[in-house]
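Okay, got some structures for you below.
Presented sequentially are two complexes of subunit A, the first with subunit B as partner and the second with subunit C.
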Partner chain A sequence: MAGTALRGRLTWQLAKVVAVTAETASVRTIAVDVPEWPGHQAGQHVDIRLTDEDGYMAERSYSIASAPGEPVALTVERIDDGEVSPYLTDELRAGDSLELRGPIGGYFVWEPEDAGPLLLLAGGSGIVPLRSILRHRERSGSSVPVRLLYSARTLDDVIYQGELDNRAARVEVVYTLTRHQPPGWSGYARRVDPAMLAEVAWPARMTPLAYVCGPTSFVEAASQALVRSGYQPGLVKTERFGGTGGS
Partner chain B sequence: MSPVSRGFHRRRQDSAENAGRVPPGQYVTKDFPVLSAGPTPHTPLDGWNFSVGRPGRQRTWNWAEFRDLPSEDVTVDIHCVTKWTKLDTAWQGVSVDTLLDLAGHDGPFAMAHCDGGYTTNLPVEDLTGGKAWVAYAYGGQPLEPEHGGPARLLVPHLYFWKSAKWVRGLEFMDTDEPGFWENYGYHIYGDPWREQRYAGD
Partner chain C sequence: MDAVDGNAIGGLLQQVFGREMTTTETVCGTCGTSRQVAELAVYAHAPGTVVRCPSCDSVLMVFVTMHDRTCVDLMGLAALG
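== the complex of A and B ==
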């Protein structure tokens, strides 16, 4: 678990962009080739650094979307008034160089031996590190039961939808669409609340391991509801996308 | 020397407008982002206390006693390792100098202990000399739980993970032991002006 701590210095590396793929209207997955990648755990992130012609630099953190053992891929949502994310989603293309360092973070990670059952709660682009966990579980042949509750504004905002739906036979995926639902939608249509979690989440007596990632309001509401339903606070790991307008 | 990122242009002027106040790699935010590794604890005030010392010989204050200690109003800039900087944040709390004057000094390093199990390590000299507080109000209001209430450490000259939320005590140590994030690869000291984000920086 403390793997990162033992690796020593995190040096900046020049990665090569291999492909940029559209996930939704505002989300891109950026596959990069990192020459000396030390490997990562599911759930970790990297720091990106951009430099302009005047030498001005901007740094941001992004979750790794790919599983350990796969080439590094980042999934980035465009924040319209941001400085870095619009560049990554709109300007960056295959062949470009990208400075990064990582992997970073060793707490919001999952390994097959951490067992479960696993409860993954995603709000918006909070799905990204959880997708790494899902892929890691599948690639490692883990049979740990997993449920994913994914809150998105609309169906068009669901990232990795094809992948998640194709996996639904072995992974229970439940969506809630908070802003707009397609005609005939029979799923949830509200923000995550205790009643929804009572229906979707593993019962606390199974001592589930929960990963909650998304905007602060989502993480606060979801993690509080889990703890109040009996989840052990130490088994509820959270990653909050701080405020707004940052990226 | 970092290569120019093709097609990248600066869109923020905040670090230029606030020259000398924004450490390298940081951007200015007007929000107050929240970052925590687990659920927010909600400790009732009648079950809250604060301890300073070594195990077995501590000075402990309950909430009422703690609120009776002399407090200070401080306005400081804060810098989170996740890259945001927030300028002119206004806090009220008890200076760690006040606490250590009452509890005594008992070692060169300290570990902050918090509800939820979070810890972070600091040299005592970074907690003294008017550099650190145990803050219980922000912007004139009681500190909200998601921002660390009832009380959090405030050590603004270091990255903000050192300003431990939900802090309940300071334990003196003879040697500098890593706390929670320091054990996961974050810098043992965390000076934003030297960009000490991760081990080895």
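== the complex of A and C ==
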């Protein structure tokens, strides 16, 4: 029955776009009102489905950027030859409808009672679910120490920069800019590698909990380096976006 | 085409199995490696969705959806859940 969400069953529903906000030149945050939203966990995603006039459907997953308890917001990066993202970043306006289902996922999620310290590694738009985790940590009053290492092409490509620079207590943010650095940049200027992780990541003996999200090649390299340095494989959570862009 | 991972098929699996599946343990029928669904390699741009073992590259699961019906092939798995 349409509109009757059975527990556990995932149903497509029409969400209303409340606002579209520019984060960077190619990234938008889309706030949506979902009529039957059961609440979500930090790190979960939704599936979005677009249907064209011929009935052809294209489906993609997008991470939820907001914390549990906040209105649902998705942050979407435009993939130039993508089937779905250019519509979401360029065409969508407040008041439009959007077909989605969710929340989805139980692996790449964080709860305040999870042990720490917390290591967050983001490649490009891989920051999106990690931002939900950071906001959830702050809103829940958690004091677990956090280190975020965020790899972006340029400073202009850093999503949520104002929010990340206005960081909460016991949250450290380190950037690496892989393609272009502003004049006077003293931070990292290369892809994440074992030497960088040795400097930034919590030592393995602290049994850190790690979340690694971004393009597949980024996640493979970073998560393997963490495990080789002694991180417990079961405590290194990974989410791969595919593609090559953004980090 | 780069693989994504099993997080990306959380919605598809929930539609097929009726519950959250990304933390479900799988065992590869070829090499015997155990992994959670979220850790498997997923090729979503094949005709249908192909899930492979990251260790030995064997095909574990195939999903093909047409007209709201999903065909599921789990032949590559020794165990699911």
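The definition used in the following text is that the second predicted complex is superposed on the first by the 232 of 247 C-alpha atoms of A that agree within 3 Å, B and C clash if a C-alpha of one lies under 4 Å from a C-alpha of the other, contacts with A are read in each partner's own complex, and residues count from 1 in each chain.
Just so we're on the same page, contacts are C-beta pairs under 8 Å (C-beta built on N, C-alpha and C of every residue); 3 or more make two chains touch, one makes a residue touch a chain.
This one's a predicted model, so the numbers in the text were calculated from it and none came from an experiment.
So, A:17: does it touch subunit B (first), subunit C (second), both, or neither?
Touch partners of A:17: none, neither subunit B nor subunit C.
Go through the superposed model and pick first if A:238 touches only subunit B, second if only subunit C, both, or neither.
both
May I ask you to decide whether A:108 touches subunit B, subunit C, both, or neither, giving the answer as first, second, both or neither?
Once the two structures are laid over each other on A, A:108 reaches both partners.
First (subunit B), second (subunit C), both or neither: which does A:9 touch?
In the superposed model, A:9 contacts both subunit B and subunit C.
Who touches more of subunit A, subunit B or subunit C?
B
Going by the contact rule set out at the top, does A:174 touch subunit B (first), subunit C (second), both, or neither?
Neither partner.
Name the residues of subunit A shared by its contacts with subunit B and its contacts with subunit C.
8-10, 47, 61, 104-108, 216, 237-238, 240-244
Give every residue of subunit A touching subunit B within the complex, in rising order.
Contact set of subunit A toward subunit B: 2, 4-5, 7-10, 12, 14, 47, 49-54, 56-61, 82-83, 86-87, 91-92, 96-99, 104-108, 216, 220, 223-224, 226-227, 233-234, 236-238, 240-246.
If you look only at subunit A, which of its residues touch subunit C in the complex?
Going by the criterion above, the answer is residues 8-10, 45-47, 61, 101-102, 104-108, 215-217, 219, 237-244.
Which part of subunit C faces subunit A closely enough to touch in the complex?
Those in contact with subunit A are residues 1-8, 10-11, 14-15, 18-20, 22-23, 36-39, 44.
What part of subunit B is in contact with subunit A in the complex they form?
Interface residues on subunit B, with respect to subunit A: 2-12, 24-25, 27, 29-41, 80, 82-84, 116-117, 146, 178, 180-181, 183-185, 197-201.
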